[in-house]
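What follows is chain A paired twice: with chain B in the first complex and chain C in the second.
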Partner chain A sequence: MRRPRGVGEVVFFALVYIVVILFALVCLFPFYLILINSFVDNKILNQDGYQLYIKKLSFDSYKFLFQGTQAYTSYRVTLIVTALGSVLATVITSTYAFVLSHRKAKYRHIMSFFTYVPMVMGTGLVGFYLLVAQWLHLKDTIWALIFPYLLNPFLVFVLVNFFRALPYELYESAAIDGANDIYVFFRIVLPISIPGIATVILFYALTYWNDWWLAILFINHDYLHPLQMMIRSLMSQINATQYVMGRSMYIQSVPSEGLKLATVCITIGPIVFLYPLIQRYFVKGLTLGAVKG
Partner chain B sequence: MNRTKILCLVLMAVFVTMGAFANGAKEGANPVTLSIVQPSEKTAIFDSLLPVIEKGLQTDGVNVKLDVIFVPWSDLATKTQVMLAGQDNVDLMFDAPWLHMNQMIAQGYYEELTSLLNTYGQNILRTRPKEMWDANKFNGKIMGIPLGLFFQQPHGWAIRADLREKLGFSPLKTYADIVKYAYAVKKDNPKMFPLSFDGNYSNIQYGLVNWKMLDDSDTNIRFTQAFPASLMLYYKNNDGVVHNMFDEMDPKLDTALKEARQFYMDGLINPDVLSIKDIQDDFYNTGKAAVLPIRLFSNNRSTDKLNNIKALGGSSEPVVLATKTPGKVISNFVMDNFICVTKISKNKELAIRFLDWVNKNTDNYNLVEHGVKGKDWAPVGTEKWKNITGAEFGWQAYALSWNPLYNLLPEADDANAIVMQKLIATSSYFVKDVTAGFTFDAQPVKNEIAQYQGIEGKYYPALMNGVLDPADTMAKFKSEAAPTLKIIQDELQKQINAFLKK
Partner chain C sequence: MEGKINQGAGKNEFGEALIRFFKEVKSNKYLYILAIPGILFLVVFAYVPLVGHALAFEDFKLSTGLFHSKFVGFENFKFFFGGRDWLVVTKNTLVLNGLFLGIGLSFALLLAVFINEMKNVPLKKVSQSFIFLPYFISWQVIAIMIYALLNSSTGFISQMFITLGLKPISWYSRPDMWPGILTFANIFKYAGYNSIIFLATIAGISEELYESARIDGASRFQQVRHVTLPLLRPIFIIMLLMGIGRIFYGDFGMIYGIVADNGVLFPTTDVIDTYSYRALRQVGNLSMSSAVVLYQSVMGLITIIVFNWIVRRIEPDVRLF
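Then we have the complex of A and B:
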């Protein structure tokens, strides 16, 4: 039977709920402002600033963003790069981390050295550009947007520590039963490493989704421009018109304020939907091993 | 003979025949692809225009295909630098002294063009006057083709015509008229801040005092090569002497700074001037301003902006204070932008021939600049053009082919604007600056420049727009920055003296 709560306890829980709700509102408020004001008429935004509700509904910002085909092309490129890149990167990172974490991997110390030292010391920009553009000939290909991020040393480090926390007896007992390393990784280690793998997938997905740097360096033509590159070009062009100070003819009126908000909405939208999908794996991971039989 | 042998003989015959035809094909049947790096974005008609340009080139014997790579403004410096350092196969590269042209020349990425131009670029040479070539050399060499329509940037003042008429003013002719008008607007509309000038350090060329001095044709107080938007070091007259505002405050500058302060105190300038991002907004969109600096001698050419101001119940008109008298204005004929041939290019000759074709005649020039005649644009008389499709340009030709000889003016430009633009496109209108052709080597004082600009950013925008008291501010500014500025001044003067001795 549940014991009745005292007055003090009720007050305490009430206060906790109030604080948490207020905190949640403070966190959600900027998102609300961005979403609402992306649908507000740009003239009102310029004159009166950000609104708490839609005084005059306008889709001009979204219409401007999606005029022509570039937005769809860029969205497609970003989705392909993110999906393909995240999966490939996760497979490569997790298998590599498994090797580094395995006690019996012969050259794991040397491999660890070559993995972690470049985290601190890089080749510099020109060396990186020469490698990708001139030696691997990946310029103006979709692989230029995927390959450079396939192995993140920091995420390797995270997974190595995760795998090391797993009992080694699991491997030994699987080996006794005749399992090889591939079987052990895919059928035993991977299913119990879902929280770690989910973290890695999320990091990679965010990296690929937000990336514009590789596109700037290696993509010269707009049929391979990812979403962030398209938005960056758009914003750059808007800012550049200020320098022209009236000399340009027939420039289409750009709903600049609303456009910035609309671009935020379309870029964070998919990621906001991705988080709830991944979140349950984080929660599961928190409780994994909490109760020992 | 079995079937296999017969088949082999037939195939051999086919291949030999194909080889014979291949050998008999025209020389250069495969066009060479020229890779061209340009800033900004494609225009709306670019994709449809490019094949027309290529066809025109091939008809005239320049057998090239054009691969144009557009780089956003914000990434232009980084990307082009990496492309050059990474030895990308680029033939033509847009560059500018304000970007990194001097640095790229010093690192040997660009080809010297004198012999190529003499052999393949006669039209390029012809369409630019001698002063333009002489003033835009780098250490005495032609390292890029200078691009520009005028030898001085147009500069005017846009005002609210409806308010002028309502307040009973005749068309404004002088700076004093503009000031009287601004005060009258403020009195009639206390919530307005009539003077909309830029207080951002990166846009300080549009600050009030900077803008006012552009119209000074008596003493010609102007910027030096050290700081293209700061009058802290300035030239006046044409003696090649570098003046320092800390040590020699010219009376005109002193008056302008005090005036700006008075305007600010009287509410003619927005108190938030230092943080306003887009000064055109208050003029065209919100109706809070009545005077705006404009890089034109005509009205704003954006029909959308003009429609916005119309929606407010207003209209705008230009006020031009620049003199029409030749021989009063000094110019160093320096151009802002260049198109360069890269050293690594395997098609240098073709690159120059392509540009030569563009500069060959008005037909080619306008095809590239405006698009297809009759479809994208139409001539209006002999001096103007009007847009048909609504696209701004065909190719953003300021980055490829601008020359002062073939420029057509927009239909909407009024007679006065046409006169002024023709004047500033004529080298004889100007007095040649004694420092024309001088390139400032900032390397010996690059640390001092970086240090000084960090301090200048705190005070200069405020001084230009009257936000702070000029006497107190100059004193504080001087205490922090004077020694550093003196070092830069001395170095600049030393280099100018050496240049003048040659």
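Then we have the complex of A and C:
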């Protein structure tokens, strides 16, 4: 049933489409700018600045980046930290969330409370720093980049909601068959919780991949710099040549500006590439975690 | 007997509670074994660092450590509150968070409502993808993007100014521009993320409500005004209040990532978190840093308790755990 549209209606819908599409383009634009200009000849880049199109194509920035050792080193660090961190974190988070969601666990409410508190309140920068650097002696180790994020209370509660939706009869019949809770979790609950687990792994992976907070606090050596730290170093470092190459070299012209862009591109490359596939997991996770009631 | 903690009023009661504790753990021992890694992590990384707050009352030296450094009472606080810094960083923290919350959340709401009104499905899906994308990159990368746009020599925006014949603005030396720039950066990264939460709520609105509005002759715009928006009010208020509860905690990753050590911009961008970070890592004054952090924790705790309480009063069906 089509009513005649008033002028107000047309204006409204025009506004809707304009605002959303415009904002979407604004969001996309910086990505475009970075990508395009990473392929621009560095002299032109310094001279004319960031442009919308490639005035003079050049792969120099990437060539320079891949000739040196730091790019490979940082990539390796980021990959290891992300892989190890997200798997470990997911195991710890899911086992813990399982217990919090289980009707049998009488202490689950207390535990929930003590899990919730750190989520809203910070624990204190200085104590945290002392803990990791001094008391645990994790300074300049790869573990300093992994340990602090192993349990994210938000993700715990996402999984708690997820597990609560499972039928309790599942546990009861397993108990009748003589299975203990650990068996129930790993052999029964986990296999049917793949969507929730996948969401959690992805959230952790994103956190680890994007982190530079831990690196900036605890890492001094270049060989443990994750990719984000590499980008930061390039922003502030004067001797880019030595840093990227991994050794002192005399190079005729260092594409310093393009170097930053190339590094950014290889850092966000995998994310943007995988984005269409993983996007829905994040939407699912957010929806599950945020809408309660 | 749901998880009650026995307060252990009398001496006999404590013994009884302990027995009850062991009984519970024993009867569900496999469950609690599963929870051990999580509990261990929480204790070590979430609660042990709390003792760091003690440093605020000491003249802390690494050589003497936590327990043997000289106790100096409120000296560190006198130093911090004696200067002008505390006022500036507190103002910045509150103002910036306030802007992010007020403008950012409102825009995300608008975006969600608008996206929901889009009939063209492919356009809608693609737009949403683009809008959500910035959430996935780090502030470090966004800092480079901002630099690519705003720096005086090669920045894209600066170039545009020149092309248009205008005198380019030297953004990186104008502290007054940065609350705006940072707000926009915040929207860039989080609008998509926040809009998802609102969209999830909108999805839960019964179609019958729109139907009856239609029967009453309401245009789509009016339907939005009288059905969609009122039903979004609760979640919006909740998110707003929860955000206000965290208003004393600045976004370190964002601000230190973008502003870094550019002292020129500190008057409008330095927040409590960046300030205490510098005291910790650059100046090396752990006591000072700890005093600032304790200040933040106390103020943060008060605001969180107050605003969470308000949330519970206004929207009693929100269960958090």
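Throughout what follows, the second predicted complex is superposed on the first by the 194 of 293 C-alpha atoms of A that agree within 3 Å, B and C clash if a C-alpha of one lies under 4 Å from a C-alpha of the other, contacts with A are read in each partner's own complex, and residues count from 1 in each chain.
The rule is short, and it goes like this: a contact is a pair of C-beta atoms (placed from the backbone, for glycine too) under 8 Å apart; a residue touches a chain by one contact, two chains touch by 3 or more.
What you see is a predicted model, and the numbers here were worked out from it, not measured in a lab.
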Which superposed partner A:S233 touches (first chain B, second chain C, both, neither): first
Chain A residues touched - chain C or chain B, whichever exceeds: C
First (chain B), second (chain C), both or neither touched by A:Y129: both
First (chain B), second (chain C), both or neither touched by A:K43: first
Touched partner set for A:N220, first chain B, second chain C, both or neither: first
Residues of chain A at both interfaces, chain B in one complex, chain C in the other: 46, 125-126, 129-130, 134, 216-217, 232, 235-236
Touch list for chain B against partner chain A, complex: 40-42, 69-75, 78-79, 82, 85-88, 154, 158, 203, 206, 278, 280-281, 285-286, 293-296, 300-305, 307-308, 387, 390-392, 410, 412
Residues of chain C that touch chain A when the two form their complex: 1-3, 5, 24, 28, 30-35, 37-39, 41-42, 44-53, 55, 62, 66, 110-111, 114-115, 117-118, 120, 123-124, 126-138, 140-145, 147-149, 153-156, 158-159, 188, 191-193, 196-197, 200-201, 204, 219-221, 235, 245-246, 249, 252-253, 257, 260, 273, 276-277, 280-281, 286, 289-290, 293-294, 296-297, 300-301, 304, 308, 317-321
Complex interface listing, chain A residues touching chain B: 43, 46-47, 125-126, 129-130, 133-134, 139, 216-217, 220-222, 232-233, 235-237, 239-240, 242-253, 256
Complex contacts: residues of chain A adjacent to chain C: 3, 5-6, 8-9, 12-13, 15-17, 19-21, 23-28, 30-31, 33-34, 37, 45-46, 48-51, 91-93, 95-100, 102, 104-118, 120-131, 134, 147-148, 150-151, 156-157, 180-182, 185, 206, 210-213, 216-217, 228, 231-232, 235-236, 257, 260-261, 264, 267-268, 271-272, 275-276, 279, 282-283, 286-287, 290-293
